[in-house]
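Okay, so subunit A shows up in both of these, paired with subunit B first and subunit C after.
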Partner chain A sequence: MAFTMRAVKVPPNSSSLEEARKRTFDFFRSACRSIPSVMEIYNLYDVTTAAQLRSSIASQIRQNASITNPKVIDMLLFKGMEELNNIVEHAKQRHHIIGQYVVGNEGLVQDVGTKDLRASDFLKKFYSTNYF
Partner chain B sequence: MGLGLLALRASRTSLLGRSSSAISRPGFESGNPNFNLVRWIISTPELQKPEAATASEPAAPPPPPPRTPVGGARVHIEKPEDAIEVFVDGYPVKVPKGMTVLQACELAGVDIPRFCYHNRLSIAGNCRMCLVEVEKSPKPVASCAMPALPGMKIKTDTPIAKKAREGVMEFLLMNHPLDCPICDQGGECDLQDQSMAFGSDRGRFTEMKRSVVDKNLGPLVKTVMTRCIQCTRCVRFATEVAGVEDLGMLGRGSGEEIGTYVEKLMSSELSGNVIDICPVGALTSKPFAFKARNWELKGTESIDVTDAVGSNIRIDSRGPEVMRITPRLNEDINEEWISDKTRFCYDGLKRQRLNDPMIRGPDGRFKSVSWRDALAVVAEAAHQVTPEEIVGIAGKLSDAESMMVLKDLLNKMGSNNVWCEGNGMNPQADLRSGYLMNSSISGLEKADVFLLVGTQPRVEAPMVNARICKTIRATKAKVGYIGPPAEFNYDHQHLGSGPQTLQEIAEGRHPFCSALLSAKNPAIIVGAGLFERKDKDAIFSTIESIAKQAKAVRSDWNGLNVLLLNAAQAAALDLGLVPESENALETAKFVYLMGADDVDLEKLPSDAFVVYQGHHGDKGVYRSNVILPSSAFSEKEGTYENTEGCTQQTLPAVPTVGDARDDWKILRALSEVSGLRLNYTTLGGVRTRISTVAPNLVHMDEREPASFSATLAKPETQQKMSKEDFGVAVENFYMTDAITRASKIMAQCSASLLKK
Partner chain C sequence: MALRAAILGHLRVPVQTLTQNGRALQSWNLLNLNRSMSSHDDHLDKQEVIDRVVSVVKSFPKVDPAKVTPEVHFQNDLGLDSLDTVEIVMALEEEFKLEIPDKEADKIDSCKLAVEYIANHPMSS
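Moving on to the complex of A and B:
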């Protein structure tokens, strides 16, 4: 299935913002539909749930919420589709998925303690590096 | 013109006839069997007959547009009638009488190649590289030694001058080894550059090169004497600037060698400068040998902190490593020299470094912890003592910013027992004239009599000593010295060793008084070692009375000077780091050492909690309970004030080591952890705070002289001078602070160069 998708030509540009918006939702739906097979391929049952993956995809789309240029949205959609294809084709490995969509940007070391909550910006930076 | 060239020309005329085309195309001349004897060495054919070329030149071209002087040189002509006009390459330039042709050319914007000439040394005129053509002079003249005369027409770019340079270059390269690929001077070598610019592209030398045995000049200067071109810059530097007659010229002709007359090390604290002035790779840095090439290095303009002079330096680094330190020009402070300690202390920056916060466990061993834990422990300990039992001591390498934050933090904790080591327990911080070098370092050149009280400038501040030495060479100024027997590199009178002699001078009973009273600009230099004495106030009031009698403090001349020992001292006194009580240390329960290693911690109660914040595991660490690693002067931006009151700053050349932080940031973070948040979070904020306390510390690279003189209404002291002689402030010149004590090179120097 995936190989046939790749053969498909790049669709013409969205004519308006509404059309781009519609395509974005279509993309999100197709990504959500492939989540069960992704969970199966990469054996993600013990590290995450389908709901978490869905929200992870949604948050990545929301990062670009401010973009209003339909051409840019089309480009981002194309990149997203490529990424989705690679994942569904098993062109990636398990740790890629875990690193990008399960653990996220915070990294493995997450400071969930409450001790720095009241610390100032200066002190937080001081604890991490000398250069600020 | 070399003899060989003459002979060559003669033979060429006879062999090949007078056709000029034959010169450029020898092979096409008739089948003369002897033409193989002719060897061409001159790359540019028009140089072969320079005289003819000059003669055949068409009418003089219009003078070129004015050029800017070399290196932005300026000249101040005091009396207009002393100015003379000379023409350099057709362009008229006004120079004062007595200037040499070379200096006139520099003013006209023409850089003359040279090897032996150096503008801070006497003129030798032996390398002949600076030959230029002067109209109506039969031969090219050595421009460095020839005074400019009115109306002189100097030509620097004519075939004669070019040929002269090419000839000199050929002679110099005759005995110079072709080892540039393994030479440390490669890339910054005058001979290399000038042979590319002015030399011939081929040589005709086929014999063996001479070789010279290398000399051992000690652990700092590496010698490869075969590379020496006998410019004698090092000999002149040693005698004229360093003031030691260690180096000299031996032999004549091709047997000429530079050397110490007997097997001996170079016993000067400025010996490293011969590395900079050597135009070739004969004298290079021993610790830097084969370490890096100069084009790999990143230069950072910074300030030296190993003494109170604040010499301007360039820190050359490669990646995270300081590779070498070289001087930067500053006419008012260090001219273009630096001391050996400044130049070679850099390997101390790589050894004995503290890189993680540590806490001493119950077993007496240090354990690495996170910054969060370390600061929490320190804040906890500070809260458990009463404010009077808190003491903060700034070290001798501290910058003004961190001292300001230290004082603010301790004041917020309720204590005012904060001081800088070396300033004594009862410093006079009210009048800046009481702790600064009031006549300024360059101003010392105006003095005609020096009185050194309890100071040995040669080990305490070699750059100030070089300035005194320069003055004495120029004006034959007299020097009187009171203190323990010490080494000097100029003529001096040892007047006595303690306060008694001072008393005699004050009462006019000493023979040196006549010299002092008849002096026009007497300079009294008091060592900062006296700050530690109990009878300090009495000594200073005696010195002030001497200054009064000698009229050393006038509106146009302030000759009452204090020579400080450490980089942090002046800024600490400006910021008011003065302890509240004289025996604060005996009752302290919480001591904050900010890089302070030379404090006497014996007096400290055994249950006191000691925090050591610093960059080296030095003396202070042994007694400490918590270690907070900070950055060294090569890694941070910090303000320092030197002994004459000039504010300068260091710039970061390399990244910090391990998990270290800048000094002021640690203190600022600690203030927040202990709940006494200071209201600045940036370096700019700290500097704004400093400007409210000592505005002179934010005016970079400016010398702020003391506004009131010390004689201004000061309370009479009831103290009496003790009979105890003045002590030695610096025991070992090479090892005075945490960085130099960690340095291997400095250890080698103290082992081999210090007199036992």
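Moving on to the complex of A and C:
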């Protein structure tokens, strides 16, 4: 019930890019400080470490590093804060966290290298993309 | 009650002397002027802080471990950006069980400043 009763407050817009930048770092710090409780809630000790989760959060923030419009940054920060709230109050399940932050964009099937020794060059390219 | 008495009668708790806290035990001696039980003197050794800070920075994936020295500047010498710096400071918070306030955390941009801050922090452990 907690997450339906939650008051979603929207902070005032950042006045400058510098303020938005500062807010991004504050958000990153609060996300990092909630990592221990997240690992406890979702029992992530055997699949990942706090340092890996920190890097994963940082890489997601870095994906949007080129944005210079403070309003867009505020919107993304709001979405990030909402995601963080959902995670911390256990509105997600373990596989959501693992799929999104532990396994990441590479997916479950990762190219480990030894298995495709016999595959032709054509097939290797075909598996990765059909635009070549 | 009978059950409780029976259980208590059979419980055996192994008694161990705390050999690793020898320093703390000695301090019961009132003539010891070092006040080693006092929380104010419980600072970490500076060399230990340096070693632990350097090892945290070295274990950061984007950093070349060979370049890390106790004086290294994160952005100028290691080629990290501001987000990486915040990430390292968060890793240091985790390592030393601190919570560094945002204003101080913004100022920490090199190993030297990090060592200085952590060594002077009374809660670092």
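Simple rule for what comes next: the second predicted complex is superposed on the first by the 107 of 132 C-alpha atoms of A that agree within 3 Å, B and C clash if a C-alpha of one lies under 4 Å from a C-alpha of the other, contacts with A are read in each partner's own complex, and residues count from 1 in each chain.
Following the convention adopted for this analysis, a contact is a pair of C-beta atoms (placed from the backbone, for glycine too) under 8 Å apart; a residue touches a chain by one contact, two chains touch by 3 or more.
Quick caveat, the model's predicted, so the values are computed rather than measured.
In the superposition on chain A, A:R33 makes contact with subunit C only, not with subunit B.
Of the two partner chains placed by the overlay, only subunit B lies in contact with A:L123; subunit C stays clear of it. In the superposition on chain A, no contact is made by A:V10 with either subunit B or subunit C. Contact comparison for subunit A: of subunit B and subunit C, C touches the greater number of residues. The residues of subunit C lying in touch with subunit A in their complex are 59, 61, 82-84, 86-87, 90-91, 93-94, 99, 102, 105-106. Listed in rising order, the residues of subunit A touching subunit C in the complex are 25-26, 28-29, 32-33, 36, 50-51, 54-55, 58, 61-62, 65.
The touching residues of subunit A, counted against subunit B in their complex, run 115-116, 119-123, 126-127, 130.
Residues 370-372, 631, 656, 660-662, 665, 668-669, 672-673, 677, 681 of subunit B are the ones that touch subunit A when the two sit in their complex.
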